[in-house]
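The same chain A turns up in both complexes below, where it pairs with chain B and then with chain C.
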Partner chain A sequence: MDFPVELFINAVIAGLLLGGFYAAVTSGISISFGMLDIVNIAHPAFIIVGSYIAYIFNISLGMDPIIVSVVMAPAFYVLGMMVYQIYYLSFEKRGQESLRGLAFFFGVLFVTEVVLILVYGVDYRYVEAVYIGPTLKFGFIDLPLRMLVPCISALVLFAALHLFITRTFTGRAVMAVSQDQGALQLMAADPVRIKRIAFGLSIATAAVAGALLIVIQPIEPSVGREFIGRVFAICVLGGLGSLPGTLIASILLGVVESITATFYGPSWAPAVAFGFLLLTLAFRPSGLLGR
Partner chain B sequence: MASSIAIENVHAAYGAVRVIEDVSLRVDAGETVALLGTNGNGKSTLMKCIMGIVRPQAGRIVADIDGQKHDLVGKTPEQIVDLGIALVPEGRRLFPKLTVEENLLLGAFRKTARAQIKANMDFCFEAFPRLAERKSQLAGSMSGGEQQMLALGRALMQAPRILLVDEPSVGLAPLLVARTIDAIKQLKEHYQLTVLMAEQNFTQAVRIADRGYVIVHGKIAFEGRSADELNNNDLVRQLYMGM
Partner chain C sequence: MRNTIFFLVSLAVALVIYFGLRAFGIDYLFVAGYVIVQYVVLATAWNILGGYTGYVNFGSAAFFAVGAYSSVTLITIATHIEDWFSESVAAALNTVFPLPIPVLVVIAGIVGGLIGYGMGYLTLRLRGAFFAIATLALAVVLATLVVNWEFVGGSSGAYVIAPAEMIFFKSYKEYLFALMLLMAVGSLVVARAIERSKLGYGFAAIRDDELAAEASGVPTLNLKLVATTLSGAMMAMAGAPFPYFIGFIQPSSAFGLEYAVNSIAMPMIGGTLSWMGPLVGAVLLGTLQQLANVTISSAVNLLIVGLLLIVFVIIAPNGIVGLVQDRLRARRTK
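What follows is the complex of A and B.
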């Protein structure tokens, strides 16, 4: 049997598009977990909340889900700062962040999920937009807009975050804050304030990632759980604290999953992806671009 | 305009352990003052009191920054740094996983320093050409001497008026100690800084100091009004030269 080249190329392209979306989902974790050492396992829950907000405005007012998410991002930023403040006062300040902090975010995850179930039920919800449905065709190559638009939006979000982190004073302080808080104070930066801003930003990305998610697939309140393992894996694979590493790892994982799903069936995709993670960690424990 | 710092009757302790007892000293505008003493006598703690990292139990610490008086006790380290007082801490405290350039840029975090980044960075690379060569290397992967240069460079990026240096010689080979001390003098002259330097390497410190204090068991045991007075003091001979 000939190797199905066309199928393979389409699988790779679908993987690239999926990987771009994974980058948006992981960017927030890359900041909170990778740079601030905060194991925010509730991050996917915030993403799902973002999805539902995009859904509500889309259904009731017919607004574009991605534009809704950009408008809502500042509100998520404020929400994130408040969550961090609670986390800081209750756990971090007392040095109990490792276990109790984890339990806190577990709680946030389940409470959010249950509230969404109580309000909206467990039915799958979806949005409507002009780019959901049509597919661009270049010869045998398919580019579904439903995947392409989220991928491009994710890359824009990613570029903006990367510029903020590497080019601004606050951004550089975010990179430094988990390395030596005392030294950061000697640079006239308040570590708690820096972390609050960074955590706010990480939650703000969840608004956008949520909208992208509901563009790609219908959602119900527990869909976020599927992403918990994957986003932390991407984060570790890319190298903690490295946004470019996260982007590369997202795309790699997207492509690997897509090829596996195409040739061996979707149920193998996570296994191969995590196998890939284990291999990387065996040979390069700090991740692809970890410092 | 110049800046100075005055410490009056400061007491400090860690829990029940008294570390600083009734210390008074001053660093006048444009001076380099050495705070001498062997390990465990309270030099670093006094530095931390000035920077607001350790809160004194009693006493006053007043900084005069270009004619404006500021009471430092009760202020946070961030506020004190923002006034224009920079500390090169013991052990350097660089950000090991950031590059040389990123470390330097973090030095310029405070608003006043941001306007002068270009000039200060140029001077920093001129004074420490090694840092220019290693701009994109991670700070943690550099040698001790290079790290000390980076720590000094990062402090000068803060555009300070008063520079505190805590034990710059720790962990360095003798030749590098001499170079570090020379570098402090060079920075001081270029920026007309007021410098307080805690050091156990007496001979090196006295080379650039205008005056000095010897601190023993948390108390000022001797005040040398000139480098000569320090050199010829019996207590100093006893402590440092075994005579």
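What follows is the complex of A and C.
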């Protein structure tokens, strides 16, 4: 049997587009888990909430899901700050974040999912927009706009985040907060305030990632769980707290998953992320670009 | 010595519960009772790792399903013996197969323990959070494997028919209930024995300050591996009779979210520091859910569990048992 070159190239390109989208999904975790040491396993739940908000505005008012998400991002930012405040007062301040903090986020994840199931049921929901459907064709290469638009939006979001983290005082303080809180205080920055801002920011990215998700695929409340393994695998593989590493790892995972789905069937794709995660943990726990 | 007394006392309590339920003569009581007692085993198993050493396992459903599917595999093998082997071998094998449930439970325990050990070995040398994340991912991957494994029914599931004839018990559900009750007694005895042993003090040292424990010569990695292996084995054992209990097994029921959330919520709400906590939490929440399942919908009752979990981790860090102990201590000092 000939090796299907065209199929392979298309699988790689689909993987690249998927990887770009994964970067947007993981950027929030990269901040909260990688930089702040907050194991927010409820992050995918916030992403799904973002998807449902995009869905509601799209269905009732016909608004573009991605524009809705950008408008909603500040509200998510405030929500994130509130969640951090609860987390800080209840767990971090008392030094109980490892066990009870994790259980807290697990509870949040679970409650969000059940509430969405109670309100919207387990039916798959989808949005309508001009770029869902048409495909650009270059020779045998297919570029579905449904994947291309989320990928480009994700990369824009990712670049903006990277610039903020590396070029502004607050951004650099976010990177510093996990390393040395005392030194940060000497720079006249309140670590708790910096963490609150950073956590708000990480939840704000969930609004955008959620809208991109519902553009790519129809969603139902428990879709978020599939992303837990994926985002943490990317985050660990990329090296905790390294945004460029996160981008590389996202694209790598996207390509490998896409090739697996093309040649072995989509039902095997979720196992890829876990394989990645275990291999990384076993051989290079500091990740590709870990410090 | 004390452990023997505790074992005899809990065995006596179990017998009282069993004959008490039997006196009612309603089969449904055994069905509801089975679910509650199964949660006692799961919650106690989770607490050996989560409560004693402070390492969170989100993959209880995965370990439970490993137990359930190891039984399904062995049951399915039993139905294929005639096709696979020559007559003489098949005849010899048929004297052993289908394996009785207690044997299935033991095999499930071995498989679950091995998976627990492997997970621990890969992730426990790193920060605690990695273990928690890896257990989350484990559930997704094992579900993927089972969905793609046609031999045990794949995504469409498999029927498991329970034998109709029983020697002592009136029905099969009653037999399963008695078996699970015995396992609950066993797990409580193990949990309590660990608590008061050198092993338990080592676990507590890891939970309170792992670095200090390591520095004072506590073999932290080995102890953590003991905890993950034991906890994984017990969870898988709780899952082993499940195919017979439910009759028709599919990945979505064996990997159900309710196992993952309940086995965390029950110890957290009951209290994680002693064997009593998971017991109190499981009996309380389990009974509540059985009542809610009949009267309200099952989604609403999971919502209640989730909200209770959040409220308890915020306001009552040591659960119901902790609250009661504080109250008693306050009264004594007055």
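Of note:
Criterion: the second predicted complex is superposed on the first by the 279 of 291 C-alpha atoms of A that agree within 3 Å, B and C clash if a C-alpha of one lies under 4 Å from a C-alpha of the other, contacts with A are read in each partner's own complex, and residues count from 1 in each chain.
One rule holds in what follows: contacts are C-beta pairs under 8 Å (C-beta built on N, C-alpha and C of every residue); 3 or more make two chains touch, one makes a residue touch a chain.
Predicted, not measured: the structure shown is a model, and the values here were computed from it.
Superposition of the two structures on chain A shows chain C fitting alongside chain B with no clash.
When the two structures are aligned on the shared chain, A:Phe104 is found in touch with chain C, with no touch to chain B.
With both structures placed on the common chain, the touch criterion links A:Leu61 to neither chain B nor chain C.
Look at A:Leu118: by the touch rule set out above, it reaches chain C but stays clear of chain B. By the touch criterion stated above, A:Phe274 is placed in contact with chain C alone, chain B being left untouched. Once the two complexes are laid over each other on the shared chain, residue contacts for A:Val5 go to neither chain B nor chain C.
Within the superposed three-chain model, A:Met187 lies in touch with chain B and out of touch with chain C [touch as defined at top]. Touched residues of chain A, counted separately for chain B and chain C, are more numerous for C. Panel annotation: after superposition on the shared chain A, the angle at the CA centre of chain A between chain B and chain C (CA centres) reads 100 degrees, nearest 10. When the shared chain is aligned, chain C comes close enough to touch A:Val39, but chain B does not. Distance between chain B and chain C in the overlay is 17 Å (nearest C-alpha pair, rounded to whole angstrom). Residue overlap on chain A between its contacts with chain B in one complex and with chain C in the other: absent. Within the complex, the chain A residues that touch chain C are 33, 39, 41, 86, 90-91, 94, 96, 98-100, 102-104, 106-108, 110-111, 113-115, 117-118, 222, 225-226, 228-229, 232-233, 236, 267-268, 270-271, 273-275, 277-278, 281-282, 285. Interface residues of chain C, counted against chain A in their complex, comprise 50, 54, 56, 58, 122-123, 126, 128-130, 132-134, 136-138, 140-141, 143-145, 147-148, 155, 207, 257, 261, 264-265, 268, 272, 299-300, 302-303, 305-307, 309-310, 313-314, 317. On the side of chain B, the complex with chain A involves touching residues 51, 53, 76-78, 81-82, 86-87, 89, 93-98, 102, 105-110, 114, 138, 154, 158. Remark: chain A residues 169, 172-173, 175-176, 179-180, 182-190, 241, 291 touch chain B in the complex.
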